[in-house]
Every structure is written in C-alpha cells, then in structure tokens.
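Just passing along the structure, written as structure tokens.
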C-alpha cells in the first residue's frame, strides 16, 4: 500500500557514517533512505551572552538545505537575505531536542553548535537532523572527555526523532516524501533511549485526528526510535 | 499551590469583546486573565499566487507583540528589520490551526488574514490568538454570508487552543506567565468543538515526559477547550 | 460644511484613559474622535551611548500602526523588514516634541521611551501620539518622583499637538481623515501649555499658502492646544 | 556676532554652475558658501505605479551625502544596508517642495527624478538641494520643451528654500554649520518666486519660540528666497 | 620544501565522482586533496529577464561554504542576512568562466545554474568549483542531448582552473591552505582544453611580482590544467 | 579605428586636481577623459578589530557611483539596501591594490580609508579610482609626516592602474565605455612605479585569449602606467 512497498511499521534503511569531515570536532553523514544529512559539531569554549556566568553550557543547532537537495531547485537562503520561517522553526526544534539529552551543568560553560545540512531530501529531514545531530554531539563530547576537558559525561541519554502520519487512512512509520506530501496528519516524535518523550508535534492540514489515532502513531514512533537508537549506538561504538 | 490560587484544572477568566475596531471585517479583544490580544480579520478578494485558479480560499495569520506588552520592553521587530523565529513560528501555527476549521472550497477564491496583536502578555498569547482569531474569522465570514457573497457557511467548526503543562510536578490547565516560566514541560493543544485534535505541541526544556503525563494534559486540555468554545459561541451569538 | 458637521474651530471629542496596561511605567489610551492611540512609557536607567556621562537624560519615541488600524489593511512593517519613511519621520517628531517639555539635566542619566501604537486611525495620529505620549511620560515621571528616584520635577510644561488645514478654502481645526485626504495645505502645530511654539510643520501638496492663512491656522491651533492641555491635566490629576 | 562675520540678514555667497555632467538631462553644482551639492535631473517616460493612467506626471527626489562630505567620515548608507531616517525625511521634503512648482497635468505622464548628492557639507544641505534641484528640473524641462515633447511649460514658478534660526538670541539668515549646531530653534522655509509659502518647518531642540520670533524668521526667509530666485534665474538664463 | 612534501609542479590527487545526488540534472563531488566541493547543475527552461527573446541561453553559478567546512566555524551567510563580498566575487567568476566554454546560441533560451557547495575546504575552492562545475554542466547538457532537447552540442571546450603562487620564493602549482595562507602572490588561471586563457587573476598581498614570475606561474598552470582536463574527461566518459 | 580616434597605445587626457574638499585629510578629482572620480582619504587613529595590537596599519577603500553618473540612471545602492556584487568586488580590489604600496608596519596602528565616488562614468572607473585613490592617500600621509605623527614615509611606491583590451581584434590602451562594451577580452593591470605587478585581472566574456595577446596587453599597460605615475607625481608635487 505504501509507495515504497514498505510495511506500515517499517523504517527506511538507516546508515550513519562518522568522521566524514576533517575539521569538525564531531561529524556524521546520516542516510535515512534517500534523505542524506551532513551533521557536524563545533565546540566553542564560550557560551552566548545570555548564559554567561551561569556555570552551564549550551547546545544549539543550525539547519540548511543545499539548493539542489530537492526535486526542483530552491533559492539559496543566503542570497534571499534571510532564513525562511520553516528553517528557523526546524533549527530551534533541533537545538531544543538535543538539549533534552544534556546535563548542561556537567557540560560546563561551553557551547556546542550542531550544523545540519541537507545534501539530499526525501522527507523527514528534521528527524534525520536530530538523530544524526546527536551522533555528532556524542563524538564531540567524547573528544572533550578524552582530552580531559570534561571528566564526567554530560550526555544523559541518546535523543532520536522519527516522523509518523496517517497515510491513506493508515498509521505509517517514517514517511518519505511521496507519503509526506499526501498525509493530512503527520507528527514528529522525539524521545530519549528509554522512551521518555522530549517533544511531540502533531499537526494536520485539511484534516483532524482523534486521541486513538494519536496513540497509534506514538506506538509506531516508539518502535522507530528504538531502531534509531541502536543505529546511533552502533555508529559511535 | 498555583501562584494565582487557581485549581489545577481551572482556567483564567475569559472575556471576548467583539466589534472593537471600525475598519476590520471582523474583530475582537480577547482577554484570558491578564493576557489581552486584539484580533482582526481582513477579507481580500484575491488569494496568494500559489492558490490562484485552485477554486479554493486561504486563511493566514500574522502575530505581533506591542513593545511594552511585556514586563520589560521588547525591541520592536519593525526596527530590528525582521520578525524573530518565535513570531514566525507562532503565526504559522495560528494560520494552520484556523484553516483546520475551514472548508476552503466553500470559502471560494478569497483570502482572510487574521492579525493577532498582543496588547498585554501574561502567558498563553498564541492560544489566545487562535481562540480570538477564530472569533474574528467567524464575524468576517458572517459578513460575507449576510451580503450574499457566500451562500453556504465555509466554517465547519470552532477552533480553540489552550496550554497545559507540568508545574511543580502537577498537570495544570491554562498556564499564566509565572507558571509558564517555571514549567519544564508544556504543551499547546488545538481542537475543534467536538474534541478532534488539530495540533499537539508538547515540548520540554530541561525535562522529559511520559505518555501517561501526556494523557493527563490532554484530559485537561479537553476541559479547557470546551469552556473556550462556549465563550466563543457566546461572543458571536 | 465639514463632513462631520463640526464648526470650523471645533475639535473632535477627546478622551484619555490612563493606566491601561499593567507592565508600563506610564500608559494611556487617547481617543481623538475615531483615532485611537495606545501610548506607553518605559523607564530605562541607562541612556543611549551618545548621552553617556553627560549628566543628562533622554526621551525618545517609537511609532507604529496595527495592520488593520486603517481602512484597507497595511502590510506589517516587521514583515517588510523595515520601517517606512513616514514612520521614521513621525517617531523622530514625537521624540523631539516631548523633549521640548523636559529639563534633561533634572531627569538625570536615564531614558524614557514612549511607544505610540495606533489601534484605529482616522486622521491626526501623530498629533494624538504627542498629546497622549506626554500623558504617559507624565505618569512615568510621577512614579520616579513618588519612589524618590527623582526629587525635583523634570517636566517643565505640558506638550500637545494639533493639526489644522485649509479645507474647501476655509481654515479648519483638528482634521479627520476625510478632511485630511482632501486638504491641499495642512500643518501640525506643537506647543507648550503657555502657547510657546515647539514645532511648526506646514506643508502643501498641489497648493501653496500665504502668511495670512498661516496666521489663521496658528490661531486655531492655539485654541485646540488649550483644550488638549486641559484634557491632559484632567487625565493625570 | 556671527562666526562668519556676516550680517544677521546676509546670505552666504551663492553660485550655481549648470551642465556639470554629460549624462543627465539637467544638472548643476550649487555652492552656498562651503555647502556644495550636485543636482541632476533624470527624465523617465514612465510614472510610478500609483500614478499610471492618471494623465499626470510626477517629480521625485533622492538625497545622499558622500562619506567624507562631513567633518568626520560618515558610514556609507549603501554599506549600512539602509537609508537613515534623516535621509528619508530630506528626500521626501525635496520632492514635495519641487512638486509645488509643477503643473503635473501639463507635465504629462512622465517622471523626473532629482538626485541631490552632497559633495561638501557646511549646513543647509537640504535647502541647497531644493534650490539647486529646481535648476536641474528647469533645465530638464527646457529640454523637453525644445524637443517638442512638451508644448506648454509645466513649471509654474521657481521653488527655493533657505534656513533661518535663532542664534545667540538673534534671528539670522542662512545658517552655516557652526551656527546650525548651536541654534536651539531653526527652520526651513520653502517659497515660490512670489513669496507664497510651500512648506514651513520650524523646530526647536531644548528651546521654544514665540509667534513674534517666527514672524522675524519669515521676514528673513523672504529676503533670502528673493536672492536665491535671482541666482536661479541667472543660472538658467 | 612544500608542507605537503609535493614537488613544485605537482598537483594534489584529484578525484571526480559523478551522479552523487538523485535530483540534479548533473552532479559531481570533486576532491582536490582535502578540498571537497559538491557541484550540481540545474536546467531551467527559462532565461533571466535580461536574456529574454535573445535566442541565447545563460549559464550562471552560485557558491557557498558549509559552516564547518573550515578549520574554525564560519557564520552561515543565510543567518547573517547576506552573502559576503568573497562569495559574490567567486560565484561571478565561476559563472563567467563556464560561459567561456559554451556556445550560448546553440544552448538555446534556457538557463543552467551550477551550484558549488564546499563540503570541506583546504585551499583552492574556487578552482575546484570551476573544474567540478564544468563536469556537472557537461552531464546536464548530455541529458539534453540524449532527450533530443538539444541536437548539437553547445559545449565548445572543457573549462578548468588551477591556482599557482609564489611560496617561499618558489613558483608552486595547486596551493593547499597552508601554502595559500603564506603566499604573498597567488593567481587563479582558467583555461580551455587547448590552453587558450579564459581568465587570469594574479594578486599580491604585501608583495609584488615581475613579468618573469608571472610567466613561470602560467607555465605551471598549463601543466595543471592539462591534468584536470584529463580528469574531467575520465569522469564524464 | 578607435571610436575616439585615439592611437592604439594612446591614453585619454588625464588631469588630477588636489585639495578639492575641505574636510578630507587628502582629496583629488581625477579625470581620465570623461570618467571623473572624486577620491578622498580619511585617517582614523584606530584599526579594525582584526588588526588590533598587530603594530600594523590598514588601508581600505569604498567605491560608489552617483545615480546619474551613467548614461541611464542607476538605482541608488543605499535605497536598494545593499551594495551590489560589482561594487564589492571593485572596492576590495582598490584596497588590496593600494596596500601593495604601503609598508604597514611603518604606517603604525592607524587606518586610512579611501572613498572613491564616481561623478561621471565613461569606462575605467576602477582604474581611475586606484590611480586617484593613491593621490589622496599620498596627501593624507604627507599630512601625517608634516605633523610629526609619522617620522618615516610608509609609502614605498606609487600605485596606478590602467585597463587594456582587445577591441576589434587589436590590443588597445585605456578603454573608454564604447570600447569596453564591445571588447570580448579586457584586463586591469595594477603596477608600482618600477613596473612590478600588483594585480592582473584579465577576463573574457564570449571569447578567449592567448599568452601572446596577454603579453601585448601587458606591454601597453606598462606604457600607460608610466604616464599615470608621472601625472600622480605632478599632482602631489
């Protein structure tokens, strides 16, 4: 029934390759099917002004899409003179999600910036950015631990994200672009490794949903998140 | 236990005054406790370019805060040269939410713009904007029906929104600013009059939540939405 | 002869309600007929860089119009990415006018920002902003005097403003929008309570005027200012 | 008493050299003492959108200062990404003033843009721009008359401008920078050749003025305008 | 003598992988040592306004660097609200260079946009962009030829680019970042396959060069270009 | 054969008038035929942040064109909200070129900004800006030497620039606009007084060039530069 022939509760193949750029303190290329996102982590020994002298660190994120990551070419945001509303919404989400897995006191007064740049898009780029962004973060923190700059691990859990939605009336896991563009209801679910929720964003365009349908999607999401956490752990092992 | 002395499941007093500006096709001032938002609806007989010749209408929204609607003065976005990420996120949400209650085919090729301007803020401005924005929309559509420009009603349901969160470990309904700034988990719930969900946004900062807690908040939200829908209906009667 | 049926030298009804927002140090809603402006005063214990270590205070103003304050909806300046020329001209005028009534040495090194936001427009918004802005300023200064932060009053006089113009060949006082859009010559007159002039702006579009006509308008303005000063004093009493 | 040794009612030497650039349809370099402004007129056979199909023409102006036209270097507005409030105010004034001398019906549906670029500033740049701008306009219109594009002259009068102010308690004509920076009250007066007023802008910073003082300045202005009109006529003869 | 141990006239290893993104009409990842640039070609069947009805096509380019392509993180141009001077200079150069190899009449009225996004930077990104950009262009044109949209080949030659400079007093070929940051004189040389020059940019910072030195660098460049053209041809074969 | 009737190796008449503005530390109006550029030098006793505590000075440049310096009116960059790519490219070039003639250690920690504003354009404005900019720089440095702020001269050589190109198949010196708009190949050559090269920019649009042709143009450039250096020396003598 799904355009890709997948089962309703079947994820796309996930691969996470680490160490893909020579300059970043942590990096990976995450591929969820045909969605490919390059995630890098940059450590800065200063925090932004609103965090100074708080004794706490900060994790933030930026998101971008290459102009031809999409089916038809998008105008480059740099040449349009501003980041669009969608970009801003997504990068705020990525930062907020990753901070949920961090003990900012233990991180100390430093900032880690996660850059998520979409090389190729086929639906679910924000979820891939969070899942891959956590891997880049993990690698950067490992570097701080190895160098002795940090003595205890500030990461309290994996953070991963997956989308689910109602496609042709059925709850499906991990929507690709053909599904995403048809689904009237879809959600992004962000969880820790133990299934605790970090963020739920379910929205409808030209449709609504019941609490029972919401529960179905949450069940699917939990299954997907478990698989993503396993992939993250394998990548950073 | 709540700073305001309210019960856990008690809303702030809601008042909705209609017809508050002479120029707009629909308008109201909604007051949810000390949060006051002026909502106006503008009818434009043209749709934006991406909707032309679709036979469908469009509903969109813009949101702003007056500089001194808040405890300390905020810089005016017009003088900063751009709308911040939070503003853009909120106005996209308001538009998406209101469209869920509209049969866009029945609306015909016209656009209704809902402007939500916060006169005084004390938490929950986006929810008040949606609830009040629907009233402005209803009044503008009534005008089209009365003039004969529309013959059947394109509004399929009320749309209302309320926030809930975990405050001091307890689920509470309709957070005011002192609660909102303390709550580690809070959500915005948007529903139709019949309780169908339009959007769920639950996020955590420095905390996480279980599915059971999420269910508690949804129960509270349903109670609140019912009261808001009653207030909307009384206002437009 | 006037569209509103007023006498040539008759003002619109003026009302000034104070204390209309809970956060600002001073606030009022001024209504000059159908022109409604919300004015707030914000005290900042720092002055802008160009005034530092001068021993003097500063009073500045910002001006905005809500998108649907006007007959047809105006684009929001925040979404256009800049304040238009008219906005900038008006807010510079408001600040300059209010400073004329202030002993900046006596104010001490602090800044008071007056925000004037037009809720509903029907001509004369800049004059209403100055007249109402002074009330907000007066209330904020009263607060400083009451708290002991100031021991002597830095306000040396009321400041008020009114427009006059040549409508259908006759000098008229306090133009509303239907008059304003027809008048070839119109002026804004700003005065202290004793009739001393602070600013005169008379301009013509597609017309000119003689010194005798200018004198007629100044006579009208003096009458109007006296009434506005009385309304200000009643409001802050 | 004046820093320059001039009499109270004495203008600075004025020179207007025409035909100073090869491309413009009309041009002059106006020098009012040490204030030097290059004024050019460009004819465009189309009017801006808001004038289309009105049968009327339009005259508009733009104003700029070279970075080192002033005593200390000003940042280039092009590199700051916007024109400042002062620039916008001045160019709106120049356009409005020049239109007062034009029969826009007779001009026909074309636009003339006057560019005023300050090469060297020593006070009174906006007045010099108006006076010199009229000369550029006159020359461009002459070209249209000569070519037969226009058969009757759309210019109904010269337009000229001069500043006056209260310096050390005395009314003085044509302020230079040392006077301008000291004067608490100063005004710009724009008139036709016959002394009819086009615009009066009198403002005070840290001072006020009486109607008698205003009359004194108007007397001075009339004397100055007469001299400027003579200089304009000599230049275009 | 060179930090990398290379001979004076030795290029870094070059690899060009084609078909690296699923959406673009042509794409490659070019790696010149540690400099990695993703190049994509997008065909648009419309030309920009200035080329309409000319019967000729257009080739243009855009350039960007991922924030962490460099040793320390660069601010994202999209969030800074504009493309920097260096970016604009480079993308104008890439477009101009590639057009030199195109018969724009034969291309017909369509535009091909080459996006060059630097994934990892180690000197020479603009040269790699031109060399890789030509491969993407070649592949996109091949697609047009194969589909029959083009019947004769509009590409008249390969276009490739290489940098040379004076490092420690010696002329060296294909500077990497450690050399580039030390070299007082360096140049970018763009040529066709037959050695005809398209563009020469030799500049010095804190140094100068003689015509004899310029000739030495041109000799090196010719050797390098020949190798790059061979790599291009192998990649597209 | 040349539109102007000049010989292939004949420059346009050059004049350089110094001391043309009263405020700048150095200034000149350079006229290369009908191309007129006003160049001013501003001394700032602070360097930009990236040079602080380096013990070295900085020379930078900005470039602009008056709106009607060209045949048809150009939009003012200040009103467009940004400097175009061409402007940015040119001002970077001017700054880089002038720095080649400066011993920045000897200049000490101060910055000199060269503003080049094109009053009238007829081709070759960037070269005229460099040649005239050097004169302004020389005069400003002379002022520092005279005042004792500098004891040894930081200028190590004149810097001048000229354009050459292939026009109608022939190498020509100092292109005017009619030649420039036709030439398929043209270059800008910047040299010291002794003929050492500072920058070579040869580019082609719709054409290519051989090394032999490049040599011809370099020969012409050397002749032109020698004449420009003589004119510079005469002007500052």
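Labels for the chains are A, B, C, D, E and F, by order of writing; each one numbers its residues from 1.
Here is the rule we go by: contacts are C-beta pairs under 8 Å (C-beta built on N, C-alpha and C of every residue); 3 or more make two chains touch, one makes a residue touch a chain.
Fair warning: this is a prediction, and the values are worked out from it, not measured in the lab.
The fewest steps needed to get from subunit A to subunit D, moving only between touching chains, is 3. Under the contact definition, subunit B and subunit F share no contacting chain. With contact taken as defined at the outset, subunit B and subunit D are each touched by C. Seen from the Cα centre of subunit E, the chain whose own Cα centre is farthest off is C. Among the remaining chains, the Cα-based centre furthest from that of subunit A is the centre of D. A straight line joining the Cα centres of subunit B and subunit E is 51 Å long. Within subunit D, residues 81-82 each touch two or more of the remaining chains.
If you walk the ring beginning with subunit A and heading to subunit E next, you pass the chains as A, E, F, D, C, B. Looking at the complex, you find that subunit D touches subunit C at residues 82, 85, 88-89, 92, 96, 99-100, 104, 187, 192, 196-211, 214, 218. For subunit B in complex with subunit C, the residues that touch the partner chain are 21-24, 27, 34, 38, 40, 42, 44, 62, 64, 66-71, 73, 76-83, 87, 113, 115, 117, 119-120, 122.
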